[in-house]
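When the chains are written out, they are named A, B, C and D in that same order, and each has its own residue count from 1.
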């Protein structure tokens, strides 16, 4: 594959299949001296882990992470940090169905085409199980960003099928199993999801991630712009089909006078740019939004072909998330944190001595 | 910067400022034996170049590209291909206005914050002038993909402000100065743009790019998925604020039964995935769409700060595209071609000997 | 650190400290379909492992490797291969001596200078313990090279202090604990090492590695030449102070008529080049030789400074190799195999379709 | 090729053939604010350039470099620096001899094997002509290292065939056309070279490069050790067959008590390590030595094969260096400077906040 690493200076490498003995990874490039313990990673792993409510997959994994290296006497040493999570609930079942038939909308067919062989148990490498390692690695980045730089990375579910929040409060996000920022509409989500589950169908969603307390100067034009690397990071999450920064697709119908974020000595007056100008952070909040497709693992039958190329039908039994967007919030936070961490290191490599002519000005408030 | 290269095996490195003596670049990793001449690159450079109609900037550049190396007796040798385009129309003017004031919505402020110094002439490195090298490099990729693999990369303007095409025909795209696929609505664009120019404002747009004749198997999970690298590539283009693949943001409200592309021995029945499953090409057409913001270079005054941090106003004179989306079509094509070329090489590195169990099936038609 | 990965397409990433819970790593980019089991890796791990004779460190490690991913039903899948070796014999001892004093010739001082913190237990990250993962990863490369391409990578100890082999036979190499190719002089080594151990001193050595059955065409000029990457790989091994290819330093006094390897249709007439011309493999055996310094972990006292910068003396107790060169043979083989594997993949990425004008000619025999 | 770039954060990409229209390159990642002009590069280019004495090739090139970007008002901006050198003396001659026959010891055969096609004019891409761009890029690194960090990179010819210097003085190095540090033996070199030229033969050589004023902490274990990257850099120079650091191959016969560099508060007592411990700079002078083979371009006939695989003979006419080691000194300096610059940036990326427990101690003097 050789596509299993992310980042240039803060580099995460992952491995592991859904139903293998373990998943794991390596975080290389973490600055030395950071206080770090497994508990720091576990918090976010627990937010991501399956079976937290009836609205996500009922697979039971404790997702207990072990730090195998790179930490000494409670602090990072600058050496690579080895991470390991044993798989526990690889339910023994009969996989002959999906071993032989390509679930439409799934990676089954493309893996067979690419590799000629496929670990079909639970989706193998294409399962979102690997995202646990992203979350663990992202938690290290989040901690460094917060403790050393005051940068806070947070996210929330910003749309579930047709339902949008009616209000917004960060405090609400961790009070419901959806990462939903609006208490008034949580019941709507519950009702919608219960009906969906009964129907045997799935639904798309959107997740928004925000980094506040941003410094100026992160991003390396012309190709490794901050927004380009964020797009790469977020689009690499399973099921993501779109990424937008700030006004995003809304800017198609904006005029220049409307889109440009005016500046005053007291701060920016708006944030259509989503905190990035010319590929470089402006000091405004970085705001990105992703679209997640509905999972294709459905118990409603679909037309497909089998491994001999013949027409057939397939249904997917087993335990699946009817809305993969729900558990995607901590994953998207992790990926944003990884990008920011990498760019923080890159920025100080090259521009350690720079003194900007102008003091940075505050971000417009998140609306 | 150290972010001036794109690709892992087919690597493009660019340099040059808007008003410096030249822009240029290096294409490293082109397979040997490809017939190649400057004319192959010039075709796409001419499609991108300014001043082709009254609706784009009136800067006059012939954008004549010189191939300095890597080609011998009309064929590539496997050595790096050096590219050079001399700048011709660096109009001598007074830049004191933008040297001292940060145009809102522009990279002026972030470049000063990051580098402490800025070549402000015509936007310097942050100008879209550098995209000419992307187009030249992309033309090499396009030629290889087409001649050696039958992969065709094309694009069109799919929305301009509020205006959408009413029909679709590839043949129309090169018959108007907008890369617009619908003859019936070209006049609407002309009228809209004339009014906009009179108003002194700018407008956003969307561009769609499509690769047809795709092989299966391109894309390297989990981080270098084909869609993730496409997102990176397209988001790295100036003014792009959003990228979507296939159904994109539309999938938020789709159900699984609707989104999943069913398969038969005769082909896929739909293409909501945009040709990519699990980060790997499925053999369907790859379809990506980008949102481009309205330029912030306006002669309508905007509030801003100057290089001493004081409140002021700025207007932008000079020659600018009122809709940067128009000239973005060949640039987006180039970036998609670069990603496909890179992944074609990566795919054959690792999977040269693979024999998939199933023959590939045809793409659903583009709708 | 962010220097914990090696290779571009066949990428090895390692982690782990000498006295932490485990060492491990990830091999990313292994082609799918290769038969692979832990036993394939164990063979070389056992050749490297400590305590095999009285002439190496008496630390007891079974070095049992676990393959955590990337293999399904006995074959590689193309997914990253996770590797884990638990540490067993982390002897609990008092490390206050080396925690406080910098052993001269060791990495103690430079780690403290670089990271400000150091896991001093058994040398931490700077210990050669990490080379077990190199050997495990290298075994995968060796297997692919041998099974799929007929390339055989082997090595031997070519000098130990003042002692050189008087004859040469590959068969002898695995018949003594020194990887020594000459039965007649093994007793000299035993005698020398016993005296050295009694003296409490250590000695340098040289190791030679050879790849036979080489294809032409591996190596990517101008910077990623095959010899340059071999030099990088071999010099990255602990204690290595020199690398030479073919005639190496001997070529300083050679004339051109002597050095150039003449060619006939029946093969090359000599191999001063060590199998590489212009950075590209010629099809001759690749031959590289490395110099390894004597370890600085001695029980003979040496002048040094402590962590407060004051003058002091230090002696090193504990279990150490009096000649680190002995166990270096399988490590050097592994690194050469990793380079060849990476370049094999790179070569076929870019030059898959090349038909050379001339058939390849045989290598000169190894002398 | 895709091996045309060197460095991770300070990245040099080169292009160009011996007899093409130009050679050139891009330096990406130079920190902003450095005073820089073409004259800074020209100094070293002139030291490398052909035809400076009767002992090097008589090709006449002014090697005048043009800086095309990345410098504004006399200072670097952080944008990539484009470099261009037009070829002037591509003598029109009959190349049919080497187009059809593989010069033994040359890259002719391996290029044809790898690429299936070859620009044979003057050696094409395999010619050492490309090293001019290394020298130009290295001069930027050298200037930054010297001006901003007080690190001085210098080199000298340390052996020519059987002749070694009898004394050593940096001041002598630039007073003779050999970069020779010993006035007393310059006449011996002249005599030797005149006889060699008359004979039509060539000879090997050694070059030593030294960086003084070194900081501690450069180098990224375990694979991107400073010595490993130096080995990569130096072995990538045409004709180099060996690299050693500090005592190098001499350490094979050293005992530990002899090799280890003892430390006192006043400094190191010796420098067998060549300034690098555990892959990290110790603050001592970095010392590396390379072996360069005798060129194979000889007018004395050699046995070879032609492009149809038939036995033949070849003689090389044209203008060649009888000892390529002579002009290699500025090239080796450049490569060492590039490595140090890259690692300086990498070091500050990850360890910007580190405060080492001990003050650095002085280097032992160069002996």
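Everything that follows uses one rule, which is that a residue touches a chain if its C-beta (ideal position, glycine included) is under 8 Å from a C-beta of that chain, and two chains touch if they have at least 3 such contacts.
The model shown is predicted, which means the values in this text are computed figures rather than measured ones.
Residue-number overlap of contact pairs with A-D passes half for only one option from B-C, A-C or C-D: B-C. At the interface between chain A and chain B, over half of the residue numbers involved are used by both copies, so each side presents largely the same positions.
Seen from the C-alpha centroid of chain C, the farthest chain centroid is that of B.
Looking at B-D and B-C, the interface holding more C-beta pairs in contact is that of B-D. Separating the CA-averaged centres of chain B and chain D is a span of 38 Å. For the pair chain A and chain B, the distance between C-alpha centroids works out to 26 Å. Computed from the mean C-alpha positions, the centre of chain B lies at a distance of 45 Å from the centre of chain C.
Across the assembly, chain A contributes residues 1-5, 9, 14, 29, 32-33, 78, 114-116, 125, 346, 349-351, 354 that each touch 2 or more other chains. Here chain C touches chain A in the complex through residues 1-5, 9-11, 13-17, 20-26, 28-29, 32-33, 66, 68-70, 72, 75, 77-82, 84, 114-119, 124-125, going by the rule given at the top. The touching residues of chain D, counted against chain A in their complex, run 8-9, 29, 31-33, 78, 148, 345-346, 348-354. On the side of chain C, the complex with chain D involves touching residues 1-6, 14, 102-107, 109-116, 125-126, 130, 159, 161-162, 196, 201-206, 216-217, 219-225, 227-236, 238, 240-265, 269, 272-274, 277-283, 291-298, 300, 302-305, 307-311, 346-347, 349-351, 354-361.
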